Structure formats: C-alpha cells, structure tokens
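Chain nomenclature is as follows: A, B, C, D, E, F, G and H, assigned in order of appearance, with residue numbering initiated at 1 for each chain independently.
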Amino acid sequence: MTRMDEADLRELIEGVRRGSVDPDAAVERLRRLPFADVGDALVDHHRTLRQGTPEAIYGPGKSAEQCVRIVGELLAHGSGPVLLTRADDDQVKAVVAAHGEAERAAGCVLWRRPEPRPDRTVLVVTAGTADTPVADEAGFTLGAYGLPVDRLHDVGVAGLHRLLAHVDRITDADAVVVVAGMEGALASVIGGLTSVPVVAVPTSVGYGAGLDGVTALLAMHASCASGITVVGIDNGFGAGSAIARMLRA
Amino acid sequence: MTRMDEADLRELIEGVRRGSVDPDAAVERLRRLPFADVGDALVDHHRTLRQGTPEAIYGPGKSAEQCVRIVGELLAHGSGPVLLTRADDDQVKAVVAAHGEAERAAGCVLWRRPEPRPDRTVLVVTAGTADTPVADEAGFTLGAYGLPVDRLHDVGVAGLHRLLAHVDRITDADAVVVVAGMEGALASVIGGLTSVPVVAVPTSVGYGAGLDGVTALLAMHASCASGITVVGIDNGFGAGSAIARMLRA
Amino acid sequence: MTRMDEADLRELIEGVRRGSVDPDAAVERLRRLPFADVGDALVDHHRTLRQGTPEAIYGPGKSAEQCVRIVGELLAHGSGPVLLTRADDDQVKAVVAAHGEAERAAGCVLWRRPEPRPDRTVLVVTAGTADTPVADEAGFTLGAYGLPVDRLHDVGVAGLHRLLAHVDRITDADAVVVVAGMEGALASVIGGLTSVPVVAVPTSVGYGAGLDGVTALLAMHASCASGITVVGIDNGFGAGSAIARMLRA
Amino acid sequence: MTRMDEADLRELIEGVRRGSVDPDAAVERLRRLPFADVGDALVDHHRTLRQGTPEAIYGPGKSAEQCVRIVGELLAHGSGPVLLTRADDDQVKAVVAAHGEAERAAGCVLWRRPEPRPDRTVLVVTAGTADTPVADEAGFTLGAYGLPVDRLHDVGVAGLHRLLAHVDRITDADAVVVVAGMEGALASVIGGLTSVPVVAVPTSVGYGAGLDGVTALLAMHASCASGITVVGIDNGFGAGSAIARMLRA
Amino acid sequence: MTRMDEADLRELIEGVRRGSVDPDAAVERLRRLPFADVGDALVDHHRTLRQGTPEAIYGPGKSAEQCVRIVGELLAHGSGPVLLTRADDDQVKAVVAAHGEAERAAGCVLWRRPEPRPDRTVLVVTAGTADTPVADEAGFTLGAYGLPVDRLHDVGVAGLHRLLAHVDRITDADAVVVVAGMEGALASVIGGLTSVPVVAVPTSVGYGAGLDGVTALLAMHASCASGITVVGIDNGFGAGSAIARMLRA
Amino acid sequence: MTRMDEADLRELIEGVRRGSVDPDAAVERLRRLPFADVGDALVDHHRTLRQGTPEAIYGPGKSAEQCVRIVGELLAHGSGPVLLTRADDDQVKAVVAAHGEAERAAGCVLWRRPEPRPDRTVLVVTAGTADTPVADEAGFTLGAYGLPVDRLHDVGVAGLHRLLAHVDRITDADAVVVVAGMEGALASVIGGLTSVPVVAVPTSVGYGAGLDGVTALLAMHASCASGITVVGIDNGFGAGSAIARMLRA
Amino acid sequence: MTRMDEADLRELIEGVRRGSVDPDAAVERLRRLPFADVGDALVDHHRTLRQGTPEAIYGPGKSAEQCVRIVGELLAHGSGPVLLTRADDDQVKAVVAAHGEAERAAGCVLWRRPEPRPDRTVLVVTAGTADTPVADEAGFTLGAYGLPVDRLHDVGVAGLHRLLAHVDRITDADAVVVVAGMEGALASVIGGLTSVPVVAVPTSVGYGAGLDGVTALLAMHASCASGITVVGIDNGFGAGSAIARMLRA
Amino acid sequence: MTRMDEADLRELIEGVRRGSVDPDAAVERLRRLPFADVGDALVDHHRTLRQGTPEAIYGPGKSAEQCVRIVGELLAHGSGPVLLTRADDDQVKAVVAAHGEAERAAGCVLWRRPEPRPDRTVLVVTAGTADTPVADEAGFTLGAYGLPVDRLHDVGVAGLHRLLAHVDRITDADAVVVVAGMEGALASVIGGLTSVPVVAVPTSVGYGAGLDGVTALLAMHASCASGITVVGIDNGFGAGSAIARMLRA
C-alpha cells in the first residue's frame, strides 16, 4: 500500500536508469515534490491511521446539494462508515433520495454501520430529560465507531439515590460520556466514581444563570474531579469521537 | 415600649388640651413629623424586630479609628452582641486596645457572645480545605447569633463516599451552609439530601476556569436542586446572617 | 416505619436462623446490599423528610406524553400534592385530559392542593408590572406547599412612597420573596426593613444593560443588605421552594 | 474678542484693498485657511465656551516632570483654576516644589480656586464608608468649579431610615452625585426622591459579585428611576465635571 | 397647599383643645402617623417637586387593559402631560379608543403636550441612520417636557466633515443628546466641542463586536471627554428625562 | 480643481481690491470661514484621496426608499463605483427598479465596476463551508475596488493536508483574507506561511463555545503569528476595504 | 478480596444460624447498614478500581503542616505513588523534612515513582516557551502514573515547518497532550494529524486578548478538529490524569 | 538557490543513472521525502519570502539564558536585523553582555538596524500620554523594518482641534498606527481622514469601564470607519509588523 504516487515515482526513477528520462528533468520534478504533493501525502498518511473510522459531515451551513455530493464522494471513495450529523429535514430528504435509506437518529444519518466491538461498553449518562438529544447524538456517533452504548437517563445529582442505584453500571463501563446542562455537577460526581475515561458534554439546557451552557462548561472545567475532560457545548458528536480515540488507544 | 418619641408627643397633646400649646404651633410641628422623624421611626421599628441580633461592622474600607468609634457607639447604645468582620491586624489591635479583649476568629471580633440556643444546629460543610476561611466566617457569624455549629470539612463531590459517610449529620441539621469553590457542585448534592434550608456560598477558591468564584456562583444558581439559595462570593457573613433570619422564622 | 425492605431482611435472617437459608447465600446477598439498595434507601429516607411536600415536574424539554406519564406515576405512588411547572399549552392539555382538571395558574398545574397553614404568611413583592409572571409562579408554588401568600405589586424603589405605604405588610410577613428585574435594588431595601427571611428573584425583565437578568442577579449578590439570599433568574419556583424549606425549619 | 487671527486677517484684506497684497496670493493663503488653522480656530472657540472652568490634568501615566511642565503651561497661559487629579506622591511633591503650595485633597491639587457660587448646592451622597475617596474626588472637583458641596455619608439603602432622616437635604440640593459600589441601588432611590439632576458614580468598592464596579455600573444603567445618568467606575472627577456642565446650563 | 392631610390633623388638634377628642386617642393615632402616612406624605412632597413634568408609563410587560387604566388614572388625577412609551400596536389602539386621539411618534403616545419653552434648545445627534428610532424617542420625550428639539442626523465620526459642517448647531445648543451605536465615539467628540450637558445614549445598532450595545456603553464610559454622562442602552426616554432634570436646574 | 468655494473667495478678494466690497464685511465673512466651511473643505480634501474608490452604502437600518435616494445621489454626483452592502430583498428590488440592473452577489449590489488591476491578486480563504457568505462579501468588495480575487475554500487547520496542497497559491497572493469561525486558528497558520498582509475575519459560524464569533475574534487577536490584523465579526466588507487600503499603499 | 466488612457480616450470619445472635438484633444492625457503611463501601470499591494509581494532594490553600500530615497518612495507608502538586517552597521543605527526599519537578513532589510502562508513549507538545511549566506538570504527573513521556517544545502553528518536521513523533505517540496559550490553535492542528487521544490544556500565557487563558479555552472548545478534549486553564495535572484514564482503558 | 537538499537529490539521481544506486533504494528514499523533509522545506521557502525582515524574539516567559542563546543563533545564522521585544532588565543585561551593545528603546533591543527606506513614512498617533510605551514599541518595530516613523502624541478626540491642527501629517503618511486606550475613538476618526492603511492598537490604559483594553478593542472593531484593522491589546510589535507587511505589498 503506497502513500504517494509510488508507481509514478518508480517509473520516473526507472526512466532515469534506462536513460529515457533526463536527470535534470527528474531532479527538477522531484525538487518540487514536497510542495506539490505534501497535501496528498499527509492525507494518505492520515487515512492510514484513521482506517475503519467513520467519515463525518457536519450538516449546518451546507446546502442539501452539497450534502448529497459530499456523502456521495465519501461513499464512492471508501468502504467505511459515512456519518452525516445535525442534518435538517431537507438535507435528510435529499441524501436519502440520492444514496438510499440509512440508519437515522438524533439528526444523524449513517451508512455502513460497522460491526459493534463486543468487548467494550460506553455508558452515556444524562442529568435530565432535556439533555437527551445531545446524548442521542453522542450515542449514535459511538455506534458509528462500532462502540456498544449503555444509557442511563435523568440521574441529576440532586437525586443522588437515582444515581447510586446504578453505580454498578457506572463502574462497569469502559468509558463514560456525561451529558449535563444547568450546573453540570454530574460530571464531577461520576468522575469520582470511576477511573475510566470520562468525557463531559455541557448542554445549553436550562435558562437564566445557565447562560446557554457556558455555566456548565466552566463548572466542568473547574471540577474538583481529576482527569475528566470536556468537549464543547452540546457537542455530542465530539464526545463520541473523543471516546473512540480513547478506546482505540 | 414606644416606637417614636411618644413621651414628647403626649406632652404636646396634653399641652394643647391644657391650652398651654397653641393649636397652630402643634399642627405645624406635627405636620412635619413624617419627614423629620421617619428615619428614627423606621429605625426604632427595625430595632424592635432585630432585638437580640448582633450589630455588625464590615471592616474593609474603614480606618482603625473609625472601627474603634463605631464599635464603641454600638457597645454603648445597646446590650446585644457586636461583631466586627473582615478586620485587618491594625483594626483588631485598635479595637482590642480601646474596648478590651473579645472573641476572635476568622478575621472577626465579637463582643457579648449570646447564649447558644440549645435546640438548633447548623451544619457548615466545605468542599475543600481551601474553603475553610469562608466557612469559619460563616460559623463565627452563626455563633454571634447564638446558633450552635457543626462542621464537616473536605467532602467534595468527587469523593462521594466521604460525603455519604456523614449523611446522618447532613439530614439531622436544622439548616446547612455549603461553602464551595471550583464548580460548586456540592450545593446541588446537599440540596438533594435534605429538606431544611440550604444556603450556598460560592468561594473564589480555584484558578483558571473558576473565574474567581463566578463559575461557582453561576453553577449554584443553575443548580438542579430546588429550593437552595445563594449568597455572594466568599460571603460567609452573609450566609450566617441568612441562616439566622431563617431559624428565627 | 422501615427505611429499607425490612420485611425481606427479617425474613432472610429468620430463614438463616431456621436453617432454611444457607449462610453463604445470605452473606452473598447482604454483601451486595449497599450497592444494590443504596439508591432506594436514600430515597426512602429522603421521602420521610419530604413528607407533605409537593412532588414537582419541570415542564420544559419534556414531551406532553412524558408529562402525562410522570404526573400519573406521582399521583399513583403518593398522596401529596403534585405540581407541574412551566407547562406549555400542549402539556397542559394532555395532563388535564389524562388526570382530570386541576388548579392552574402561571403556567403551573397543581393536583391535591394541601390545606393552607393558617399561622404563616409569605409576602411576594414585585418591583414592576412585568415581574408579575415570575411572582405568580412563586406564589403558586408557595400555595402548593400550603403557605398563604400576600402580594404587593409595583413598588420599585424609585417610588419609595409606594413601598413605604405598605411597610406594615412587609414587617408583618413571616418571609418575603422579592421579585425584581432591571437593577434589582428592591431586594436591598426590603432586606433592610425586615429581619425575616428574604429570598430575591432576579428577573429577565428590562432591556439593554439589564443583560437578561444577569445585572439584577449580580446586584442582588452585591447587595449591601445582610442576610438576603438569591435564587436563579426568573426562578419563581425556586424561591417558593426555598421559602418552604425555611418556614418548616 | 477674536476667535482666529483676526488682526492678521484684517491686515491681509487691507493689503488687498491698498494694493500692497496681490489678490492671487491672498486667495492662495485664504484658500488653505481651513486646514492650516482649523485646529486653533476650534480651540479658541472652545476656550470661549469654557471661560472660567478649570483646566484639568489627569495624573496617571504621566511622569512627575510631565505634570510639572503641563501645570506650568496652564498656569502661565490662563488665569483660571488648574486642577491635577489622581496625582501620586511623587507628582504632588514635584508640582508643589515647582509651582508653590496649593489646595490638596483626595489625590487632587488645585491652584486658583474660584469663588464659590452662593446660589447653588450640590449634594454628594455615599452608600458606604469605603466610597469616600471617590466622593472626595467629586467634591473637590465641584469646588474647583466654584460649586458649594453638601455631603451625606453612609446612607446605603439597606438602612433606609438613615437616608430618610435626611430627605430634606436631598430635596433641597440643586443636583446630586450618588457614589455607590456593591449593587449601586442608592442611585435608584435618590433618583425617585428628587427631580434635579442625579449623576451616579459606580465604585469598585465591594468584592466577589461586585465585579470591581461593573455590577454597580450595570445596575445603575438598568435603574428603574428615570432620568438619572451615570459616569464611569470610580470617576469622581467625571461626576463633578458633569454637574458643572449642568448647573451652568 | 398642604403635603399631608393637614385639615384632618388640624381638626384632631382642635378636638383635643376643645376636649371633644381624648388625648390618649389622639396620641395613639398620631403615634402611628409615620407608618400609616409616610407613603402619601412622600408622594405629595414628590409631586410638588415634579410639578409640570409628564407622568410616564412604560409600555412593555403591561397588557393593553393595564395601559388604558393607568393612563386614565393619570389623566383624571392630574392636569399635566401623560406619556406612554414603547407602546405596541395593541396598546396604542386601546388607549386611543379609551382616551381619545393624542400625539404619537416613535412608539410613544402623549396627551396634553405642554407649551414649548422658547428659550431652550436641545440638540439630538445621531451617528447613523439606524439610530433614528432611539433619537426619536428622546426627541419625543423632550417635547413632552416642553423642550424644543433640534436634530442632526448621520454625523458619525468617520466622516468628520459632516459633523464639523454643523459645529455651530452643536455649540449653540443648551444641551446635547448623542445617540450612537457601534463604537459610540461620537459622544467623545461632541463632548469636546461643547461645554453644555451631553447625555450619551448607546444603541444596540450594529452587529458582531458591537455586542448589542454593550460595546458602545462601555466605550462611552471609558470616554476621554470629561463630564459627559451616559444612560442605558437604547434608552431614549431616559436621555430625554435626564436633560429635563438638567435644564430645570 | 478647487477644494473650497475658490471662485467665491476670488470674487470676494477682487471686490475688496476693486473697492466694491467693504474690507470690514470681507473680514467678517472670512473670519467665520473655518466654522462655516470646514466640513465641505474636509470632504473635498478627503474625496481627492479617495479618488477611484467605491462609495459604499450599508443597507441594514435603512428603508428601501432611503437606499434608492442615497444610491441615486452617489451615482449622480460621481463617476466611480457605487456599492450597496447587506441589502435585503426589498432594498435590492427598489434600487434595481430605480437605477437599473447592476452586478449582484452576497447581498451586495454594485454599479460601475472598475477595471480589474491585472497586477494584483488577493486570496480569500475560508476555514469551512459555512464561512462562504462572509467570504463572498469580502470578494465582492475587493472586486468593487478592482482587485482580482482567488478563492480557496474549506481548508480548516484540522485537515492540514488540504491547506498545504495549496501552499503555492497562498505564497503567491499579494494579500490574504482569512475567513474563519469556530476557533479561528486558520489565521495563525496562514500568517506563518506568507509575509504579505493577512486580514482575519472572525465569523459567527459555529455554536456553543464559539460565542457567536467572539471566540474567533479573541483567538485571532491572541494569535501567535505576528503582523496579522483583524476586522469585526462577519465583516467581509471591512476586510475587503482594508485590503484595498493596503494594496494602494 | 472483599468490598465491605465481609468477615464481620459472615460472623453475624453464622451467629444467627448458631443461635448466638438474636435475629432482631441482627435485623436492627443490618437495617442501618446502607447508611452507616455506604461511605466506606464506596471508597473500598473505588480503591479497587484505582489500584496502582497515585494518590494526589493539591497544595494551594493547605498549610505546610496539613501537607505533611496528609502525605504521611497516604504513605502509611497505601503502597502506591503519592504525589503533591503545586507545592510552594514552605510545603516542599516541610514534607521533605518529614518524609524524606523524593523526586521533585515543576512544583510537584513524588514518592514511590512506579515502574514506567514500556509499551506506551505520551507526547507533550507546547506551543511556546512560556507554556513549559504547565507541560512540566503534565509530564511529571504522567510519570507518576508510570507513563513514559516524549516532549516537543515551541511548535506554535505560526511556524508550521517546525511542527511538521516532527510529524512522525506526533503520529507515533499513543496519546498527545497539547499545551498552548494565546489562541490555542495548536490543539486543532494536532487533532487533525493523529487519531489517538488528544487532551488540550489552555494556558494563561499571553496578555490582553488572551484573557488569562479564557480565549485559549474557548478556542479549543470551538475547535474544528473532532474528538479532542479539553481540561481547565493551566491544569497540567488534570491532563496527565486524563491521559492515565485513557491509556488504561 | 535551492530550497531542499538539491545537491543530494542530484547525486541520488545521477547514481541511478550511473547504475551505482539501486532504483528500489532510490524509490524508497524518495517516497519518504515529504515526511522527512517537509519541515525544512517549508522553512526554506518561508525564509526566502522573509528576506530582509527582522527575526524577532518575544522576551516574556523566557529565561535570560534562553534569550542569550536564541539571539546568538539568529545573529550567527543570518545577516538581517535581530529584535528582542518586551525584555526585562535581566534579559537586557544578559544579551548585551553576550552579544555587545545594541539599540534599545521601549523594552526592545535591536541588532543590525537596516537602512531606512527613504520613500515611506508611517505615522504613529497616540490618544493620550499614557499610550506612549505601546507607541514606542510600534515605532521601534517599524524602525527594525527600515520604515521611517513620524509621531503625533496626545491627540484624543475630545480635543479635536489638536488633531485637526495636524491633519496634513495624517493625510501625508503612507500608513498610520493609532494607539489608543479608554474608548479607542481615535481610530474611527483617523480612519475617516485618510485612505491609507490604518492599524489600530487598543491599549490597557484607563481604568474601570476600560476593562483593561477590552473596551477599546471591541470599540475599534465596532468602528463606523471602514477598512481599519485591529491588532491585540498593547501589541505595538504586532502593529509594526502588520504595517511592514502592508508597505512591502
């Protein structure tokens, strides 16, 4: 498996060896190589590392046509999962019309879902009912990476008994995504109950002093629990992707 | 017990009745009453309600001489507790030289500590060691109101076991002051464990994303626990005063 | 009155004593007890404390169906008041269709209103007409706790005479909820006029420099009146719940 | 009294009339007039308007030598008051050594204090003891404009009786400067008690939620009292200058 | 003209003198005077001062019915101008139906416009076309106080020539209202061109870095021009009221 | 070409010379010159400098009629390009009806597009698809200045290979406009790859922690790349204008 | 290995079986189990999971004596690594005096460094020289978890060539910690170059628009690179702990 | 002039041609070229572009030893100017001791000052005396690029006459750096007076509402003047570098 245009390179060198290519021309061409090809080179290299991971398209700001085209290219040029996130109704309708039915949930569309890896479980926990859409996006993303998902809903810290009733599920998971708006305290509590990776997702749920998720984001960063990490507000996709990086580590 | 200068008023009216006071002069004087005396009237009324509560002086921004004078006036004009808070070394030295030794702790000086009320206990909980000075100010203030204080230190929510080991003390208290910096999550957890008044004090403990206490303040307000209330950043005195209002209610 | 499944526990122990239960099996089952049952245990304990208080459901972010189901469970499993807050029209229509008519006001629905406690009065004060909806939510919540409510509207501090005309109602109340947007100064003034608990609710009323309630929230925390406490922006329910904690104290 | 170099202009025109100045040269010179002289023209005009007002130098960021030189120029080129504000010890020592003793207070130095205007009184009110330095700067500035100052200290709104005891002084003043940190509520209350100009000065007094004066500044702007205006944080000089503009109006 | 119920007071005193009123009853009644009547007393006093100024009602947050009722009361109980501001279409329709046609502009409705004072002119300046609505509100408010208004539009500081072409109008005015969004620099420039009162109104005009008017508000407060004052964002009414206080001073 | 009313000035001076104009009258008239005419003088001067640059009208906040009138005046009084930006549909329809078809794109309308300057190329780079509208506004503005535009889309720094594949286009450009929302990192990277002027435009693209473009604006200012400059959020027009200033330098 | 006092439990049950323990007494004791022991139970369970991880003490806000005591307890009660972070000179001196020399760097002190795990490498990358202290804290923390550290310094994105020269080290690492202040763009770039876990640490390096690290924190959250996670400002310890969670996953 | 190791490349190709290098080995080595050398390649390329520009070292966060070493390397490896900025006393002493005397001003040290370019002038304008240090840094940086500097001090917009008196210097400059704190209005005014590049530098001068330069930064971005650009707070070096990019364009 070559990373850059190895066949062309070999042909050039063979041409030099055979005398059919002038050394000066060869030097000239090769001298420009890093600038001309560095982009493709990096992408090849990069792709190697990303083997088996979904190609993701972020919907907002793209027209339905752009979505159809990009999804099409990714389906055509690879064989792995293709994931469209935060798609609106027009985008979904257009891509389904163009590329056939696919799994759908939480504003996401997924083609070629990979086999789930049987040996890993990621727990997605929410503090309140209103955090569900963000948790669904995280869960769907994890599925697109082949990671099985367990879900625990509505276990905000003001009702500690609901959380503690499920302490085994928390400590049994290989990684935990904590989805919480308002004061985001659930991340600190979960972080203290398990030693596996915990990714906190602040949500814009709440009103007033919640400041559209900024309070939760700051609170999660100021958390007294060590070793938890945070992604952006409402960024369920980011949390899923982050966990995927970790469980492959 | 009169609220305004009742003796004078009675004398005036008697003067009218006896004919020794001219009705016009009486009307003129009485007509101005609300403006001339409303201040004193309100303060009398107010004082009545505040019977037995400490008179407090906030140290910062006052010279040592001002502290000496104000403490002196309060000691002279009343018989209840007098409390100087956030006093610096110069202020403490000056007031002790002028008004004699007194109880001191947490930057506060107290004269005439009242008898503790035996039937009430206020629990002061801190999330971390660094929250102690604010908790001490709250505790000392509560003492100045005659309220017995129980203390629970260093029970941040990332180590839930330390908190739960003391769940009985939490549920037995008549009111709880929660002192927490960083993400302030402890307030939400405590609020869910007890149904008595919970006053949360955000502290400026922490760094970076803690934003000098603003994160904790916002998080406490965005809390998922219902019915907890919040005082200003590092305001241990305010928390103590607030609890005093509540336990007298 | 047992806190955990005492009957089962007793039966298990009796089984051991009688020899019908194997000691190893009993140990195995009991050893897991804290983890399996701690949740229920806490909730029982908690419930004991909360005897007589309303169960509340926060509407936003829940579907009408979710509201119907949760209200139904709470009505079925308890006998106390059940309160749905911030319900939109669809939610109200659905719950009324499912569970019968109930008291409604300020976006709240209440089943099984408790008897009012005759010996307590909570004054709900607003600074301006536009603060009324938040005050109504606070008042309705207080009613759900059985607390009688007195109301004083539109007494902003720029018209001090309107406020002072009612000073007796302020000083007669057992607790005061101050609902104010804009600069929130009313909380400081009321705090100085009474020594009972004062809970300040900043509202998002106003424009520009009011910053959607953040200015009022900060100003209430920076207040020069000692012992007042604050709840989140527009959080009338929180204020009502907080007062309920205090007046039971 | 001319605004631009009228003598020169007259001489030029007379030269044209007498034939000693070539019309083309005159046109050329006059044509450039707006660009060459607009600066001086504006300043002359401006000076006319500012007759009798103090020339002020803001100390911070200037060396002692710069202060000496600027004060010297202003003393030499005019006959009105000269005011140095926010001067540090080095600056004060240097200007006094260079220009002789002068009135000093609140970090200000004033030469040539004008006669006070007998018919006007400006009330400077503070909410707390710690606001005094800013109030002093305002008061001293007013004096430099010849405006007599009445002072009322420590009448924060949490002790309304102290404020109301002086309601006559408030309603008798021709203008009021309200100096307040913390929540700045005093401005709203004073604004409702008088119909003369009220200038509010937020101070950086307080801690935590006071946000170094930003809370007071926002609160004063969100005030429910109509027609009060605000200057910058701790800007006592600005308040004094603003009042001077108003009372000359 | 009495400030409190002088006739009643006189009758009471006369009753005492005549013996028809028992001194004890008189004392009892008078003793409560400050609390019972302080509100009315203040309002009377206040009204005296406010003689001739418009009574203003702020529309937002009030129902059309509330507007109708309040306007009606103010029209009935006084003879001065009545001004409804920020009224929406429903409110306007309702008040006009109830109280007859009135002057209308800029979302305001005015009954009983006073005679303009011929000796005063207030200049209202805008930086850009989009600031016009706020300027109109300021201008209409000034009219409600009887103050003649001159207008100067679209003279932002990036086109200094447009501003300087009207420098005479600026220096001739008795007071200036500067209405500016974006960076608000116009206030600083105008403040340096005139020595009369300058009230700056930051507007929410602009996008991005203008932060809905917060940038202009802060910039106006940080202004290098001394003695200008600032009102809240978009607060044209506040600016008009402030100028009215000043020009009566 | 005269800058001020030179003909009138010459006539006045000739009148003086001929004796038909009284010298006193001439002095009086000339003495007022700076104030009366400084505005026009500055604008003339300014116009000279701006020769050949488009006159721009910012659409928002103007009525369609105002747009029609201003465009008409600019078309009538000059011969250079006229550019209407951020026009909504009504404005576009009205100006086209009044002034004939014109080039349109990105919410802009342009009359009299100048000849492109063949020797300059400005590269407009976007980080993501959603930044396109702002980039289009920048590109259209550059065209209105006669500057040829090269475009490079969707080269966010998380896919460095896409950016590096085009490094020649970056280093070949005479100036670069970097349009990026989210974290705005593209500006720093581009700034390090070229030594020509780089103008960064933060966009409001993104959600949550992007804070509507404030994060990108701050990040671009905190950039580790030296010598890049920044314009306001979404300000494509500003970026185009800034580049025009630079390439004429 | 038992989680709770299994031996005692077994003895109690055996006592019941043998008849030496009264069933009622057993029930009574067991009934209280969840409350009495839940704390210890959780901590045991927790400890099991944390086997082999360092016990960490955060220095700030603790006295030197507190540090000595806590370190002593942790050394006495366990056999794993003990790590004191952010220790000041007094704390370091005291703990070394009490507990003997230990490894020290970056304000941290470590006792009982574990054997490094040979199969893992964590790359710690800094954007600039000034980020070194935070990177050192992260590196030292990783060492305390037995994780080998590779370091790459001063590879800010404005000099992309320095970064790309080391692209192999980036793609070879098992996880990457990116330490960057200013605009924090390095995190986005690194996130696009590798598919392993990337933890970004914003630092307070920089001035002005860097806002003490808040800009970098926000920018990292708004990053266009998917799957990177963020810890708090300057929180090198947090990053190290987070990586440890991930590489054990 | 080659960009990458052209001699080696030529030798390799010649070896292939001569048969002394195996084609497979050549292919293998060339195939890795982009990754091994891309860093150096970019830097060479970059250096070509940066010919003649100063190498700059930012002092803060570096030890004196680090400064000595980096300056030494830059002096040794190039022949162009070397500029150390924001150096503290220790750094200056150390570099001078190691590398000999050099030009110094404004906390900067410069070796090998280039010949000034006679045909360009950059005007550096300050709003107030306290902005001087930032202006000096900008001026010194411009000198390090060989750009002659004209200076205009203390021309804040509140004294427009001072600014207008120098309008010719403003319109004659080839570029303008505007250094202003407080409200930063000077940038808007200058932007309207000239059509050359204007770079605005917000400074942290001022107090209170200036928010340490954030107000000026925001105001400059919200400016009504089109085509001005902004650099970071107090970033005089950035402004100088930006102008250098522009004047070379």
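Assume contacts are C-beta pairs under 8 Å (C-beta built on N, C-alpha and C of every residue); 3 or more make two chains touch, one makes a residue touch a chain.
Since the model is a prediction, treat every value here as computed from it, not as a measurement.
> Return the chains shared as contacts by chain A and chain G, ordered by label.
B, C, F, H
> Enumerate, in label order, the chains that touch chain E and chain F alike.
Chains in contact with chain E as well as chain F: D, H.
> Measuring between Cα centroids, which chain is at the maximum distance from chain B?
Here the answer is chain F, farthest from chain B.
> Among the chains, which has its CA centre at the largest distance from chain G's?
E
> Write down the chain pair in E-F, B-C or F-G that repeats the interface of A-G; the criterion is over half of the contact pairs matching by residue number.
B-C
> Whole-Å distance, chain B centre to chain F centre, using C-alpha means?
59
> How far is the middle of chain B from the middle of chain G, if each middle is the mean of its Cα atoms, in Å?
40
> On chain D, where are the residues touching two or more other chains?
35, 38, 41-42, 45-46, 128, 159-160, 167, 192-193, 208-209, 211, 214, 217, 221-223, 226, 232-233, 235
> By the touch definition up top, name every chain pair that qualifies.
By the stated definition, chains touch in these pairs: A-B, A-C, A-F, A-G, A-H, B-C, B-D, B-E, B-G, C-D, C-E, C-G, D-E, D-F, D-H, E-F, E-H, F-G, F-H, G-H.
> Show which residues of chain C lie in contact with chain G when the two form their complex.
Within the complex, chain C contacts chain G at residues 2-4, 6, 9-10, 13-14, 16-17, 19, 23, 26-27, 30-31, 33-35, 37-38, 41-42, 45.
> State the interface residues of chain B toward chain A in the complex, per the touch definition above.
127-128, 156-160, 181-185, 188-189, 191-193, 206, 208-211, 214-216, 218-226
> Given the complex with chain B, which residues does chain D contribute to the contact?
Where chain D meets chain B, its residues are 128-132, 159-168, 205, 207-209, 211.
> Taking the touch rule as given, give the residues of chain D at its contact with chain E in the complex, in rising order.
Answer in residue numbers: 38, 42, 45-46, 49-50, 53, 56, 167, 171, 174-175, 192-199, 217, 221-223, 226-233, 235, 237-238, 241-242, 244-249.
> Under the definition above, what is the set of chain D residues touching chain H in their complex?
For chain D paired with chain H, touching residues are 35, 38-43, 46, 60-62, 66, 202, 204, 212-214, 217, 232-235.
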